[in-house]
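I'd like to ask some things about the structure below.
A, B, C and D label the chains in the order they appear, each numbered from 1.
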Amino acid sequence: MNKQALAEEILRRFAPLDRASRFLGMRLLEVRPGHIRMSMRVTEDMLNAQQVCHGGLTFSLADTSFGYACNSHNERAFAASCSIEFLAPAHVGDELTAEANEVGYAGRTRVYDVRVTNQRGELIALFRGKSTTVKGGWIE
Amino acid sequence: MNKQALAEEILRRFAPLDRASRFLGMRLLEVRPGHIRMSMRVTEDMLNAQQVCHGGLTFSLADTSFGYACNSHNERAFAASCSIEFLAPAHVGDELTAEANEVGYAGRTRVYDVRVTNQRGELIALFRGKSTTVKGGWIE
Amino acid sequence: MNKQALAEEILRRFAPLDRASRFLGMRLLEVRPGHIRMSMRVTEDMLNAQQVCHGGLTFSLADTSFGYACNSHNERAFAASCSIEFLAPAHVGDELTAEANEVGYAGRTRVYDVRVTNQRGELIALFRGKSTTVKGGWIE
Amino acid sequence: MNKQALAEEILRRFAPLDRASRFLGMRLLEVRPGHIRMSMRVTEDMLNAQQVCHGGLTFSLADTSFGYACNSHNERAFAASCSIEFLAPAHVGDELTAEANEVGYAGRTRVYDVRVTNQRGELIALFRGKSTTVKGGWIE
């Protein structure tokens, strides 16, 4: 199987196991090895006390795209640390898109950057995630 | 009103407006100026593809306690950037507690640290959040 | 003056004022608006107890390229927060290159990413810096 | 040897090997297992273009105290990632003190927080460092 077919097959098995991202209405838009694009619509349930999308849910979208991207290589990877810069608020009804790309690796560590934008292409948040790979893969 | 009474009154008004944290079942346990303790039970809806609590939801609990803490001074504050270190997985049924404390400030910036532990006191995650204060308060 | 000429003129005035980067032997290789490339040779004075380049000095190179990049727009900008992932050690004699690029902005905040590589193009560190702009510029 | 004597003995061997921190004039003030206090005077060579202490050198002080603290347990540890919040500028002649404390660990990862203050006790920066432990110790 080539890398693209492998990444697609992993995600076909992996994504349906992820209840949390379904619970939050996330949709997988694009899969390439080390690259994922996903979206999430901001619902009323996602609003914080300031009536904008809760930062934890914007983070969740970014974190999911990162988690899918770092598992797309047929390695089992876990998030070790993440950081996020919140640049603009997201509002109810906004369609957020997260785009995760691998930017570096060394040993068992991989680093991914994620840009979260809204339906007008405005930058909402910048996320950086670092994963640790453990033994085993998703497909033998 | 003294600072403690003010912090309690702000949270009495502020917390019910936060739909996202109610949606995720968070409970406010303790309020002091610049200090918040909250909890969240890990449900099946919160599991990721690896069948542990989605990092975005652990982050959401920490981020909420940070957001409440930085608004407890009767200033309007927004999260500007956050980072999280994931140290141990949380499992379905776990009762997570987040404890947010102010660790520094300068000008319009405040920095908070949050420890997330489970019901056995084991450390699940360490979070650091930085807020920016804007004009206006919660109570006149 | 166009943006490129302005960026070059700012750096012509700004860089010589920076004693610390001269003290550490940094050299400015390329200037474009929001983009800087710099280098630094790892000397024996830069080794830590493990006999590799002190992380603080790798950080200093990245931080300088970030600082120059965010001031290249004729705004006065200060570093507010930075993070760094150390991916491989740098050794005595290595020629490190830092390349800073703007990746987002909102209001008075700008975000820059910096890649630090060695003379073989190997990735040594990934840096992310966030600046805050204050009133005034470098050239009237 | 008890833990305190061991930490002192490690630092007695470890610190003199660190050329970079001597080059920058750092002094070790206090050693306890998982806790280090160090100082550094801001010299003219440390000033950046804005005539305040270069953030990379403030970072270097914090990073050194973190590195010493995570090696004080007789484990060989390397910095994996670090973040810093710059809260106030440091000026020429300022005596900066960094105080590093362990705040959590899991498996081969340890997390340290460092506060950097000036001679008036004002908070200059908050640093968080994460180390990875490798095989071997400093004393058999």
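In this text, contacts are C-beta pairs under 8 Å (C-beta built on N, C-alpha and C of every residue); 3 or more make two chains touch, one makes a residue touch a chain.
As the structure is a prediction and not an experimental result, all values here were calculated from the model.
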Between C-D and A-C, the pair with more C-beta contacts: C-D
Taking each chain's C-alpha mean as its centre, the one farthest from chain D: A
Chain centre separation in whole Å, for chain C relative to chain A (CA means): 29
Inter-centroid spacing, chain D versus chain C (mean Cα positions, whole Å): 22
Of all residues in chain A, the ones touching two or more other chains: 80-81, 83, 85, 109, 130
Overall pattern in which the protein chains touch one another (line/ring/star/complete/other): complete
Residue ranges of chain A in contact with chain D within the complex: 80-81, 83, 109, 130
Partner chain B, residues of chain A touching it in the complex: 14-15, 17-21, 23, 44-51, 53-57, 59-64, 67, 71, 76, 78-86
Chain C - residues contacting chain A, complex: 83, 85, 87-88, 103-106, 109, 111, 113, 115, 123, 126, 128, 130
